[in-house]
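One structure, as structure tokens, below. Some questions next.
Note that the chains are named A, B, C and D in the order they appear, and that numbering of residues resets to 1 at the start of each chain.
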Amino acid sequence: MATYRISAGLWCLGQTADRFCPTGYSDAASVQEMLRRAGEVRGIEGVELHWDTDFTELSIAEMRDLLKERKLVCSNMNVNTFGYRKWKHGAFTNRDPRLRREAIELATGAVAAARELGCSVGLWLGADGFDYPFQVDYRKQWELTIEGIRTVAQVDPTVDIGIEYKLKEPRNHMQIGSVGKALYVCHEVGLENVGVALDFGHALMSREDPADSLCLLARSGKLFNVHFNDAYREWDDDLVPGTINLWETVEYLYYLKVTDYRRWIGLDMFPFREDPVEACQLAVDNIKAMLRLAEAIDQKVLEKAQKTMDAIATQRAVRGVVFRE
Amino acid sequence: MATYRISAGLWCLGQTADRFCPTGYSDAASVQEMLRRAGEVRGIEGVELHWDTDFTELSIAEMRDLLKERKLVCSNMNVNTFGYRKWKHGAFTNRDPRLRREAIELATGAVAAARELGCSVGLWLGADGFDYPFQVDYRKQWELTIEGIRTVAQVDPTVDIGIEYKLKEPRNHMQIGSVGKALYVCHEVGLENVGVALDFGHALMSREDPADSLCLLARSGKLFNVHFNDAYREWDDDLVPGTINLWETVEYLYYLKVTDYRRWIGLDMFPFREDPVEACQLAVDNIKAMLRLAEAIDQKVLEKAQKTMDAIATQRAVRGVVFRE
Amino acid sequence: MATYRISAGLWCLGQTADRFCPTGYSDAASVQEMLRRAGEVRGIEGVELHWDTDFTELSIAEMRDLLKERKLVCSNMNVNTFGYRKWKHGAFTNRDPRLRREAIELATGAVAAARELGCSVGLWLGADGFDYPFQVDYRKQWELTIEGIRTVAQVDPTVDIGIEYKLKEPRNHMQIGSVGKALYVCHEVGLENVGVALDFGHALMSREDPADSLCLLARSGKLFNVHFNDAYREWDDDLVPGTINLWETVEYLYYLKVTDYRRWIGLDMFPFREDPVEACQLAVDNIKAMLRLAEAIDQKVLEKAQKTMDAIATQRAVRGVVFRE
Amino acid sequence: MATYRISAGLWCLGQTADRFCPTGYSDAASVQEMLRRAGEVRGIEGVELHWDTDFTELSIAEMRDLLKERKLVCSNMNVNTFGYRKWKHGAFTNRDPRLRREAIELATGAVAAARELGCSVGLWLGADGFDYPFQVDYRKQWELTIEGIRTVAQVDPTVDIGIEYKLKEPRNHMQIGSVGKALYVCHEVGLENVGVALDFGHALMSREDPADSLCLLARSGKLFNVHFNDAYREWDDDLVPGTINLWETVEYLYYLKVTDYRRWIGLDMFPFREDPVEACQLAVDNIKAMLRLAEAIDQKVLEKAQKTMDAIATQRAVRGVVFRE
């Protein structure tokens, strides 16, 4: 059976808030407390962190010690440009050269931290996009997006950079909004160490079949990280995996195996109203259960059915893993 | 030309935040400061307030004085159950009788305040809904929703209660999620003073044509309040009116006139990254400009075209107001 | 274990076509041939028919004989106003009184046929709606919709009329587009024999949770018929049940049981590219398998968890039926 | 003022049908009749044709004569694989090598016809995609898609091939479903004569801002054709341009000018219930009117505002062209 190392975004274990309840649905939690909670979840071996917001009170060395203490490693270092007010109109694409340079510097810091901690870097450019027609000059947006990512990727060719695309939120339109745009950026940047972090719910929001996006990225050798969660398809609901779109999650796991994925799989959820440790535990349990379902699919039988391209034949090849008949 | 008194939700003029930037895209602003800003917007004559969160440091009398000073009145008093952590799983529908009673009590306080200030009450039950299949017993949800609204409406039959429906956010599913459900609740409650507050973007999110929803409510005498904003149809983007869906907003204004609406029209926006006074001013300017477009439609000509039910004929009857030909 | 009589819409077993391939993805099939196919599907005991398009070459008596021969009964008689070019701008709502009268007459014929065959009538008003802003006068639309349904329902109070709501297609906006609007119409019409036919995919398209819609209708005694299929939530994809949204279909079946539904459950699919008998057989097999999953949910345990309103607790209460742990 | 040659898809002028009314909302029309209608629309100088379905009764030479008679030219030759039942499971991606070869041969015929008529080829691969999870092997889908397009493009390097991406319909998922995937395919194929045909409504359906997609394609020199229509964002409604999303269409025209587009602009609509000549005339009139609005935008003023990235500033820079203030 395929085994994957599972990590959790540290944010899954912290305080949640939204625009209607900005003071939060639970108490604020320190990085130490969130790490402690991560350590409590059976099956979690790593965490994804944010640079530099998870390091405001801790040095990299202190973080490493804390991780070690919890028997965790850092699987991915995400660059947090979206949590700073100054970048509200854009980070990598900001038309103010000083703000743009500061964003690149932040990402450069993340690369350095990632090298020290032995992990990849995640670039989810949450601040880069637009809200209204006519608001930005799209020609500049694309130019600056590509230039910025190339600059960051050139800092250290040994550190992998995974672009995490997302259609929208917090901007109404985000610049790198689909798997195809992410691949296009990889191609334009043209560097080996630039790939894509695929988030299940983001793929759904862009109306993709996540397993198809996975195969498209794998085909190009650009699948650098995968995130698990679930959603109702038109927003990044960040629910517990397997609770809404069971079949498409099983399919996602099936193709992870078939394409011989060997990196981390990560939880990226937002348990607004739930206990974070319980939510992560349920996520791990569901992923493991769905992995068993995916493993139970007879690949030869399915591939033979797929040659017919007939939906009934392919459904007959897979449905038994859930319906036991 | 039809004239309407325009109010602004006080929240349009305050600090904005979201789950990725909970510390806000601008500085926190006191109620006094938000009222000062509202007073700066030319064309704004009223504000919608929230009970009790706008009254934590001000008595009702003090609020009235402040409003007077700014030449404003309170047009609607919204019940804020969604900003309190304790109601994260539901307010009117909470299965804990104590929490449910507290929610009803909060709304009862809003009715009293509304009576003192001479305005209606808004019930946007943002906390009542669910996020996952199986999470709640829908039978109880409907029972408690209706019972709660009836209880609040019976507090004072002279105070109008406007139910503001919304499909989702902050819950993935909200209980009163469409114009039809809101009307159903009005019918079940069966009290004269219970009607509906129609939000343009909420209607879009529920995939309604807002003008059709308006006519449906007007037909039943249940159109108690209208909100203006704009959106991309699948989320409550709360953008400035007239910037995305121009035609449907003009149509909305046309039917406000045709159905002889005589209450307030309110701004309900969330200018996350914009100056709030400038955003509200643009909103007022756009509404007034679109009102002129709506007025420029020749009702007789349009109604004659509508008898043919032909889209080309009806488009020919209205397009000139924008295209001037 | 709850058992339901399952019927199939006869159209599930015929030729499929769309706007890009109007000559069809398979050969045309006569009513006799479609009935023969229905008889081949193990577990199908009834069919839903269309008045008058399924009766152009058969009398009601001949239909009854044919049904008997196949060991089938007619479970529901749907009024087909949407297949006639003359009603392209509206049937019940057409502003031309003659066309409107002809639509009512067609429905009246369906009531008579339903009485003879001992079944209910289905009113899916596919032609009534609009495509563009300003195209119709919504005030007239609602007036004529309600007037038309009332007229049809008064023909024979012993024949149940189930309004099947749908957001869109073939019109961009259909007049009765959500569960709430359907309930509103029931209320306005005010007759005992007017209720609602709930279609799983239509509920999804209106962004409802189908089980919630089911409970809302059951609460009012208005759940007259249920349709099964599956979809990706933004269109009426009419796929085989259980292939996309497994959990929500299990939930739908769970609440059918809990609300003690005792009428037919019907297949409403459009197997564009599949063998129709195989597609219906898969549908029946999936529904029976999901019924077993729904039965396996311990109602007491789930209801206890639902009292906490906590998503983790409720997920823990149901997930085992699929994950077997 | 920028002037563009406008063409109409011949299908805009023919019979319309859908799955509920497969016999059509109007009478069948011959190619000759559709061309006659196209000639009646003031402002139309070209037509887009389909290979080989528009040539079943006409030779290429006869078509040229007919076009000349109507003072029209062929602006684009689309390959029709989606109207043939045999390719219901895929054309370029069919797992049956014979069917795949036949699809490539059809496209090769279109290239030859395009060369003779002096136009580009359109590849909207409507049959290539999938409807259910697990139905196809995505790895094969991408391999065959790219291989097929490359083969067709190599037939004649002087004939431009424009890939028209579309999210879905007639398949629930189409393989080339977004602007990014289309660009990715261009990159993988790696031939100068392979580019993209951008359809306004398809961009909306993929939740793109059409003007942003336009700029992305222009940046790569891959904008080979543009289609106009309008839609409600979640389906390919193919409505008359300018009737729903006015601002985004003006923006689309503004960026056509700014990026110095010099090819055809085409109508791609489906006037299901409207007179086709009137619908096309309204479309041309609206496009010309919106072109005037786009021309009225002061590029220097807008670009200065765009440097601030502020939505209020940019709205203030453009709103006057509609609101005249």
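One rule holds in what follows: contacts are C-beta pairs under 8 Å (C-beta built on N, C-alpha and C of every residue); 3 or more make two chains touch, one makes a residue touch a chain.
On a predicted model such as this, the values are computed, not experimentally measured, just so you know.
For the pairs A-C and B-C, the count of C-beta pairs in contact is higher at B-C.
Of all chains, the one whose Cα centroid sits at the greatest distance from that of subunit A is C. In terms of their C-alpha centroids, the spacing between subunit B and subunit C amounts to 33 Å.
Rounded to a whole number, the gap between the C-alpha centres of subunit C and subunit D is 35 angstrom.
One simple way to say how far apart two chains are is to compare their mean CA positions; for subunit A and subunit C this gives 39 Å. The multi-chain contact residues of subunit D, meaning those touching 2 or more other chains, are 89, 131-133, 168, 232, 234, 240, 243-244, 247-248, 273, 310-311, 315.
In the complex of the two chains, the subunit C residues touching subunit B come out as 89-90, 94-95, 130-143, 167-168, 173, 177-184, 187, 206-209, 211-212, 214-216, 218-219, 247-248, 251, 254-255, 258-259, 302-303, 306-311, 314-315, 317-318. Interface residues of subunit D facing subunit C in the complex, by the touch rule stated above, are 16-26, 82-85, 88-89, 126, 131-133, 168-170, 172, 232, 234-235, 237, 239-240, 243-244, 270, 272-273.
Interface residues of subunit C, counted against subunit A in their complex, comprise 232-234, 240, 242-248, 273-275, 278-279, 282, 285-286, 289-290, 310-312, 315-316, 319, 322-323, 325.
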